[in-house]
Amino acid sequence: MEQLKLNNADFEPISDKKFDTEKIAGESTSYWKDAWRRFRKNKLALAGVVIIILLGIMSFAGGPISGQNYYQNDLMNANQKPSAEHWFGTDNLGRDVFARTWYGAKISLFIGLMAALIDLIIGIIWGAVAGFFGGKVDEYMMRIADILYGVPYLLVVILLMVIMPPGLWTLIIAMTITGWINMARIVRGQVMQLRSEEYVMASQSLGASNSRLLFRHLVPNTMGPILVTLTLTIPSAIFTEAFLSFLGLGVPAPLASWGTMSSDALGSLQYYPFQLFFPAFFICLTMLAFNVIGDGMRDALDPKGR
Amino acid sequence: MKKLLEVKDLSVSFDTFAGEVKAIRGVTFDLDKNETLAIVGESGSGKSVTAQSLMRLIPMPPGKFTGGSIHFEGEDLTQKSEKQMESIRGQEISMIFQDPMTSLNPTMTVGKQIAEGLIKHQNMSKKAAHDRGIELLKLVGIPNPEARIKQYPHQYSGGMRQRAMIAIALACNPKILIADEPTTALDVTIQAQILDLMRELQEKTGTAIILITHDLGVVANAASRVAVMYGGKIVETGNVDEIFYNPKHPYTWGLLGSMPKLDNEDEELQAIPGSPPDLLDPPKGCPFVTRCPYAMKVCENHMPEYTELSDTQKTACWLLDERAPKVDPPESAKVGGSKVHG
Amino acid sequence: MAKYLLKRLGYILVSLFFIVTITFFLMKAAPGGPFASERKLPPAIEQQMNEAYGLNDPIIKQYGDYLVNVVKFDFGPSFKYTGQEVSDIIKRSFPYSLILGLEAIFLALAVGVLLGVVAALKHNKFGDYIAMVIAVLGISVPSFIMATILQYIFAIKLQALPVARFESFAHTILPAVALATTPLAFIARLMRSSMLEVLNADYIKTAKSKGMSERVVTYKHALRNAILPVVSYLGPLVVGILTGSFIIEKIFGIPGLGNEFVVSVTNRDYTVIMGTTVFFSVLLLFSILVVDLIYGLVDPRIKVTDGGGKE
């Protein structure tokens, strides 16, 4: 046996012992803090946030910085390469691509944000009503959503663009008219879960702590998937806008978006590839940023995930 | 005579983002031919890690051996190559897992899952393996095995799946069968059937069994020896009678106290208060010190050595030191009227 | 089996009826007559043409006629190209789209699954990292931008492949790659996370505990289960390839159905729009049915065929 120097005092009972029974209970307190901590560790997602913030700032500051505007035709200086005067060059009408790029950022981001917001509002109302009432109401509402969901999204958007007068809001409405379904399904799922857990809680008659549990545990858990979906809706709306612009169904001039800019540059790709490069690059960068933010949020909000 | 299996000072850790999880720390036990050893402990005490280490099923990394040896028929399994392990797994040592709903491959017929091992280890033809599969299903008590063998796991009930698992595990007549909580996920009535089946098969085949459970009630009729595990260590070991009628470790008392009793049905079960130690930073001394009602100052900083109470019973507790106050087990740990499954 | 198929066919018919109805009334509600975009016609001639195309009948009658004709796969003549039947346009252009689509689907599946499996097997190692960078980029670069990049690099700069049109296999490479990019990236991510989940499943431990080698465990046990989510993604995959073809065919000047659809949209060629929409919907609904049937074959838990069993 190992030589230990022990005296009788060592064999006194530990008197002031506290059992650490409630240690586990403290864990769920700071769900958001935990999620934020995990998110912060994700360098890629943080970079995404920085990019979006910068794009947001530049969409307002970009024009003034360069001292150019986005709509001034200058046919004498059409199709110029990037230079000290025109940082990103000029397009086929001699308009400054730098200023247009940031103006396009404003339009593209606006479309993305609006589409996501409208999806969220309709989705929450539809999903919450279906989820709360349950039963037949739920069944019919979800059946309708299912039928709409089965129709290819872009096909519907294109058809709507055909019959509606061209414009920014036409585009947003066309995109949201079936876009909300995904959100509605997720909200409904979350509401159903919330309901069943509420029921469990009520039956346990926890009394006053109910509302605390609700806000501490249930709301965060249901908010997670909704937030992630919201984040991922933005790049998909930006994509759709660009897609429609490529088909000639984008925002009408003088409005300019990254999509219409790319589409305009397509014809002269062989000679002036830089005209396509800038808007296309920013479409990709924005989608990339939102995608990594969305992924980062999903990982951060769902501790079980990898 | 040499033991079939001798595990000595086995330690396994996991590298995680939070740090090194010391899942088991110096586990020592042995196993003879034909006997059943039960490893008992609360969830998180390191039973599954121990079991899976024996078969080298712990994914490494993140897992790693940090010490000790596993001698099977005189050879150290920790030193074997992955290829050598493949011929031991399933053939010499095999394993049944806790949840029969998830431990069978859902997209492969039960027959194929049994045949795989036979074809690999015993060079059987597909046909021969199929026929042997039918025999095995019959052996584990699955009715109409000719039809059942072509079915998928989802077509089986929970109890039947666990029987199929046993058939898979026993297909190649292994010398050791490790059953990791084989009945935990099953209904009480089916639990008893599965335990009976395992005992019956052991009589027929002579396989040694390591039965892992968190429920001492399961142990009494199923095992001959018991090792009580806590916080990655074996705190007490002995034969069944010793553990049930002469337990010396306060943790064993706690486990016994948390068993349902026959005489007073409506008495609240006495769960052991507190939670298991944090294995990222385990206590320096006895792992049970934070929850032990009899904890002494010495327990905090020094791990007690094993005290040999008999040829078979060993307990690691400072209460057994002559300088410690005399403590009697609490009333709840008396087995007199305990309801023991079996 | 037969009963299941009948039920599914019933659903498909109901959905199709909705789609046909909605497109019909949407097109009727569209501003400007079918000849609006053409040179201004004298009113008398326009009147005559409206008569010829049945546009002066009451709307209900037009709708009824249309339904009957759709069943006969007769979508009437094109408004824009006189003398051409919509169904002929579809028959002529669809083969191009079909070949291109199949190539893209094959590419997306083969490469996507491979990338996903590699990523999962090399979890948190270099291979995983590379595969996931490719996947994130694939999702972030829209197909039409991918198409122009490919066109610029391989056709214009390197002159290695044809810029446009559809005359040989070489012509299909760039458009197929562009079309496959996004779904390929999705499949890679899907496959990776599904494979990682499966590799942690209990039955994988069981297979290992039987002494199965790493290779058998990965390919016989894990892959088969991990591929299931990819199979259920086949439906959306077909949709993605189909809608993607609108723009890719336009960029590469391929006379396929997607291109016809886009042209008809720009021309407001209503009969062609309706015809192609209905045709696309039929195609989609049936491919989704086929996908479901395939899923039933791959996952024995989904019972499409009848047979013994408890569930």
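Order of writing sets the labels: A, B and C. Residues in every chain begin at 1.
Definition applied: contacts are C-beta pairs under 8 Å (C-beta built on N, C-alpha and C of every residue); 3 or more make two chains touch, one makes a residue touch a chain.
This structure is a prediction, so every number in the text was calculated from the model and none was measured.
Colleague: Among all the other chains, which ones are in touch with both chain A and chain B?
Modeller: Neighbours common to chain A and chain B are C.
Colleague: Which chain has its Cα centroid closest to the overall Cα centroid?
Modeller: A
Colleague: State, to the nearest whole Å, the distance from the C-alpha centre of chain A to the C-alpha centre of chain B.
Modeller: That pair's centroid distance is 48 Å.
Colleague: Please tell me the distance, in whole Å, between the geometric centres of chain B and chain C computed from their C-alpha atoms.
Modeller: Once rounded, the distance between the two centres reads 53 Å.
Colleague: Would you mind pulling out the distance in Å between where the CA atoms of chain A average out and where those of chain C do?
Modeller: 25
Colleague: Listing for chain A: what residues touch at least two other chains?
Modeller: There are none in chain A.
Colleague: Hey, which residues of chain A end up touching chain C in the complex?
Modeller: Residues in contact with chain C: 147, 150-155, 158-160, 162-163, 165, 235, 239, 242-243, 246-249, 262, 266, 269-270, 273, 276, 280, 283-285, 287-288, 291-292, 295, 306.
Colleague: Can you name the residues of chain A that touch chain B in the complex?
Modeller: 1-2, 4, 6, 8-14, 17, 19-21, 23-24
Colleague: Which of the residues in chain B end up touching chain A in this complex?
Modeller: Touch residues, chain B against chain A: 273-275, 289-291, 293-300, 302, 305, 318, 321, 323-325.
Colleague: Could you please specify the touching residues of chain B with respect to chain C in the complex?
Modeller: Per the touch definition, chain B meets chain C at residues 52, 55, 57, 82, 85-91, 94-95, 97-99, 102-108, 113, 116-117, 120-121, 147, 151-152, 154-157, 165, 168-169.
Colleague: Can you list the residues on chain C that touch chain A in the complex?
Modeller: These residues of chain C touch chain A: 15, 18-19, 23, 26-27, 29-31, 136-137, 139-142, 144-145, 148-149, 151-152, 156, 193, 196, 239, 242-243, 246-247, 250-251, 262, 265-266, 268, 273, 277, 280-281, 284-285, 288.
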